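Chain nomenclature is as follows: A, B, C, D, E and F, assigned in order of appearance, with residue numbering initiated at 1 for each chain independently.
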Amino acid sequence: MQRSDGRKNDELRPIEIIPGFQKHAEGSVLIKLGDTWVLCSATVENQVPPFLIDQGTGWITAEYSMLPRSTHTRTRRAQGGRGKEIQRLIGRALRAAADMSRLGPRMITVDCDVLQADGGTRVASITGGYVAVAMAVQGLIDSEALAKNTVLTDVLADPVAAISVGIVHGEPRLDLAYEEDSGASVDMNVVMTASGKLIEVQGTAEREPFGRTQLDAMLDLAASGIRQLCAAQQSVLDRRDRI
Amino acid sequence: MQRSDGRKNDELRPIEIIPGFQKHAEGSVLIKLGDTWVLCSATVENQVPPFLIDQGTGWITAEYSMLPRSTHTRTRRAQGGRGKEIQRLIGRALRAAADMSRLGPRMITVDCDVLQADGGTRVASITGGYVAVAMAVQGLIDSEALAKNTVLTDVLADPVAAISVGIVHGEPRLDLAYEEDSGASVDMNVVMTASGKLIEVQGTAEREPFGRTQLDAMLDLAASGIRQLCAAQQSVLDRRDRI
Amino acid sequence: MQRSDGRKNDELRPIEIIPGFQKHAEGSVLIKLGDTWVLCSATVENQVPPFLIDQGTGWITAEYSMLPRSTHTRTRRAQGGRGKEIQRLIGRALRAAADMSRLGPRMITVDCDVLQADGGTRVASITGGYVAVAMAVQGLIDSEALAKNTVLTDVLADPVAAISVGIVHGEPRLDLAYEEDSGASVDMNVVMTASGKLIEVQGTAEREPFGRTQLDAMLDLAASGIRQLCAAQQSVLDRRDRI
Amino acid sequence: MQRSDGRKNDELRPIEIIPGFQKHAEGSVLIKLGDTWVLCSATVENQVPPFLIDQGTGWITAEYSMLPRSTHTRTRRAQGGRGKEIQRLIGRALRAAADMSRLGPRMITVDCDVLQADGGTRVASITGGYVAVAMAVQGLIDSEALAKNTVLTDVLADPVAAISVGIVHGEPRLDLAYEEDSGASVDMNVVMTASGKLIEVQGTAEREPFGRTQLDAMLDLAASGIRQLCAAQQSVLDRRDRI
Amino acid sequence: MQRSDGRKNDELRPIEIIPGFQKHAEGSVLIKLGDTWVLCSATVENQVPPFLIDQGTGWITAEYSMLPRSTHTRTRRAQGGRGKEIQRLIGRALRAAADMSRLGPRMITVDCDVLQADGGTRVASITGGYVAVAMAVQGLIDSEALAKNTVLTDVLADPVAAISVGIVHGEPRLDLAYEEDSGASVDMNVVMTASGKLIEVQGTAEREPFGRTQLDAMLDLAASGIRQLCAAQQSVLDRRDRI
Amino acid sequence: MQRSDGRKNDELRPIEIIPGFQKHAEGSVLIKLGDTWVLCSATVENQVPPFLIDQGTGWITAEYSMLPRSTHTRTRRAQGGRGKEIQRLIGRALRAAADMSRLGPRMITVDCDVLQADGGTRVASITGGYVAVAMAVQGLIDSEALAKNTVLTDVLADPVAAISVGIVHGEPRLDLAYEEDSGASVDMNVVMTASGKLIEVQGTAEREPFGRTQLDAMLDLAASGIRQLCAAQQSVLDRRDRI
């Protein structure tokens, strides 16, 4: 069955990662995954949460919010349980990507603000948030704030990205847009490293339970999508002059 | 490597489901999974949330909370993001088990209150919560509130249970207790039906990413645990005289 | 006029105090006063509230809450003014029982969570809470945390318990269950020491004002009930091996 | 032992009740009990709380608050548990005074705002609040809003007032000012009708438990104080032209 | 066109400033501007907000609230955006009047509580609040808390007052009462010093835009009103024995 | 004295108004005033606030918020008094521009979210918000939702824009950027119509009081800036094909 936007089942929406969107932030990108646009900004502060004081290690945390009119109808500003759950996921994923002991007693806060929503805002937040973190860490290296001779891959050895997959009309599909997502029988978000290891798997049967074969097919699709996203991330980070 | 409580890697903790704990509730069980004790109560109300008014269908929702001294050190009462995330999971799992159109315009609220915590409180909540829902639905049938000739399996065709699995010291293990859980490199919660279909898979790399082989091993362990839990659920529901 | 459960006007409901219910707590009992069940847990922390810092004395405080389905119909979790008022009463009563200067700079927090409600939850909380505090203090003595040679009666010289009394159908009655309580013209809670001194008297005319003679009759009933409750407390504390 | 302000043990502070303080309110008095000043305003609204809709009866409720600088040092505006507990007491006392079925479907809200605090703010609120309610009810009668031929005593048959008593330096004393109150070993608030019946008795041992003899002595003092307060209330209500 | 209370367009309502209303406060006045009554109390504390710690300078802040029945119909207690906006204005105006570096590390909090509202509560708060601050500063001088030889005019060189003006029925008018205010096409609040300098101008077209000529006419009226208010302030402060 | 960015005292920063930024909104622009970027979105809903029900007229309201990293250092998300005050100003200004009786029973909510802040966010919100409202109203006209033959100027007869002015180093300056704003002795925001009438004037002496001459000079500067802003608004609205 044809996808509404004409994509193939294993095809990502057009991906664009625009670095340096907010001039004040230590790291900032606007990531566009089709019509899903998320502004990801990394802030570095020279303090850590109470439970890490005097531990000599750093921390990464995230906040997630949607602008009221990022959605089809206006959403009220008060954040409910859904938003908190998503920002916990983003924070876990970004922490899994980093060797936080290399940061020293610093906290990186990644704000993910959805300017426009069309499905997949949480995975776009992780994929874009990783680039914002990498920009912020590179800034610490450039200003010689970290231990001598630290390079980016000491802190961020294996990049992290995320994508959604699902079962729609009985078929496994990659990168669900809002319309597909709301009609999917299974919805799964996968966070994976560039080298193909799993960080987080969250699959939910929205309409009917699914079997192991379907799970495997979705994970295969996700792995191929993640490879493309990691390439897009790397391409932005390689263009050092633009950052 | 030996598990701290001497169990084999594929062995559940002792499971006990005590029906009828709270006399006022339409369905109530105290579920004990080792030292994890959760009081699950189902309340039936003749109203539905605003978005379902005049839709002719019912709804199931859940609330989750821990008593302050269910934990090693006292936890403050104000519920944070973690509690909300867990109760959303419980609600989704129980809704997936039921044909809610059979309930009529009724809402079942399942309160899961952790009396004692030793790992796995959310999966115990789902496993016990299912029994509380089944008791409440049976009560509706017994009082002839539902459509004529409705039987329990019309509403609850394929029972649902949940269990945690993880990777500890490199080995896949079933049903992590608190001490193992806090040392696990991967932690996964699996919600499954009695017939072996997946409802929800939530796996998180706490320390290091995991591969597909490890994912498969964990899912196999989960499936075997779920079968035992569903048997325990059924055994309680069969003892109709005690309910 | 006959009481609905057949008791005499001066008769308590069956009382049971089960020690050690929550394994993590420094002191814990499940108290059952008929169908009113309250889980009381005492937590010891090595800190005091701001106003007591560097005063060399300790503090005892209480929190009170009802599980949503402890009641006939489900009660929402958000605590209103009634709960706060009750926990202030419990805290005052337990502080009146103790010589807190003997505790050193420590705070004991007593959580009273109502598992099932059938009238008299606040007095059951005080009666059970006292035992939880005594268990926690005995634990401090056993671990030699208090001043040398301190014995339990140095800290808790005169045990404290509480009971409700009221005027129902014109007759003074002891220990009102929910059904009687909601029909009482006067409702009174009395906190008293084992030696018969008053700690707190809270009498309210729910339907019609009362005279001094009725007040005296209620206080006499309360005194006799308190003596029985203090005996039950003592019996639990004497079985040291079970604690 | 001499009282700090030279009063005898059975002597009230100077009492003044100034009617009509806030021009917009249906009933309003500024009550001064020594240096304790409370502004009591009664608002009549043609609606009742949800639980009374279509019951044909009215309701009386109260709110209590202290201005930040009514106290020796500045108190923050956020109302804690103490304020809620006090306003519940005021509401109960005023409801006990009235036959609310005579009000029709109307709610009277009594705002008690403490302009200056020197002990006894809750009892002054009840004593002044009764006058504000009486003024509001008289206004309903004057405007022919109530059933034909209704007179004030149909609604308010037996006036209500309140006073504090306590044990200071071992002696029972009437109407404690702040300084005495903070040094009292027992503190008791008594709400009573003009005809000498008890509405509410709240006695608390702040420092040491008390016996029945002391309780009786305090109740005797309270009864004599209440008689004087009820006379002051009546005197204001008799001066109809000033209201 | 005649004003409803018979005043001329350039005429203030009767102004009365009663010092020493709340006995506990370091500075306290009840200001009456016609039927608008505001209780202004200044509290001095030996601490400053976090951003001023170790700066050697003081701070002045304000809180503003209306008693529920200060208004024609009862207003609920929860303060909304309007109250916060007003208290920010009051704080700015009072800070502009003072050389806060002379206060040392002290904070003066001015509580403005509206006992009765009839238009102009925010300007009455500023005018009365200034006197309360002056009384508190004089108290610091009298107790030799400030630098040696400090006199009141060192701290408060140019007194500050405020008044409302507006366009009603096409005519500029001074000091709008509630009824006029709600019918005004333009409403403006002006904060000015005794020497005629502007501190704050807030003009809003409620119904139709206004031109520069109207603005000038309103500012002229305001200047004349401020002169009278500053004279009233000074007269109170000169009567040192009453303070 | 030279301005830090080289502008003349009467020169605006570069202004850009990009229509159609958020695809879901009924009206949406990204307005850039130098480095101040505000996303303004207008949402039309077929309901009005409670106080306007059955009045046959519409309403316009605004919400204002800053993204956490729109500022030099990260700002926490919880909105304080300042944000509420600003959104009240924006709402008043936009309501003053419209004949809301022409909207029918509809509410337009304008969300102003600051993506980047460099001074003047509230005036940019008003200037951009007006265009978003005009786009939304034009959409209602195009879809024939309003009364027959309604044209845009029936609803929005006289466009509205806003700009800041101030006194810096003794000189009146137009359109203060953040650095200038924080050093200004007077800061004033002016809301004006395209025809030169005043809607709102808010001038505050941050450091020292100001005279009438300075006020006049600032108002002259503001008028010239507003003319340019209204031209930019009109130019966007004229390019109908892009909207």
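Throughout what follows, a contact is a pair of C-beta atoms (placed from the backbone, for glycine too) under 8 Å apart; a residue touches a chain by one contact, two chains touch by 3 or more.
Fair warning: this is a prediction, and the values are worked out from it, not measured in the lab.
Identification of common neighbours of subunit A and subunit E yields F. Among the remaining chains, not one touches subunit A and also subunit D. Here subunit D and subunit E face each other with the same set of residues for the most part; over half of the interface numbers are shared between them.
The interface of B-C is repeated, with over half of its contact pairs matching by residue number, by D-E among E-F, D-E or C-D. The mean-CA centres of subunit A and subunit C are about 52 angstrom from one another, to the nearest whole unit. For the pair subunit B and subunit E, the distance between C-alpha centroids works out to 61 Å. For subunit B, no residue reaches two or more other chains under the stated contact definition. Because contacts link each chain to exactly two others and close back on themselves, their graph is best described as a ring. One ring covers every chain here, and the order obtained by setting off from subunit A toward subunit B is A, B, C, D, E, F.
The part of subunit F that touches subunit A in the complex is made up of residues 21-25, 28, 35, 39, 41, 43, 45, 63, 65, 67-74, 77, 109, 111, 113, 115-116. Subunit F makes touch with subunit E in their complex at residues 80-82, 84-85, 87-88, 92, 96, 158, 188, 192-193, 196-205, 209-212, 215, 219.
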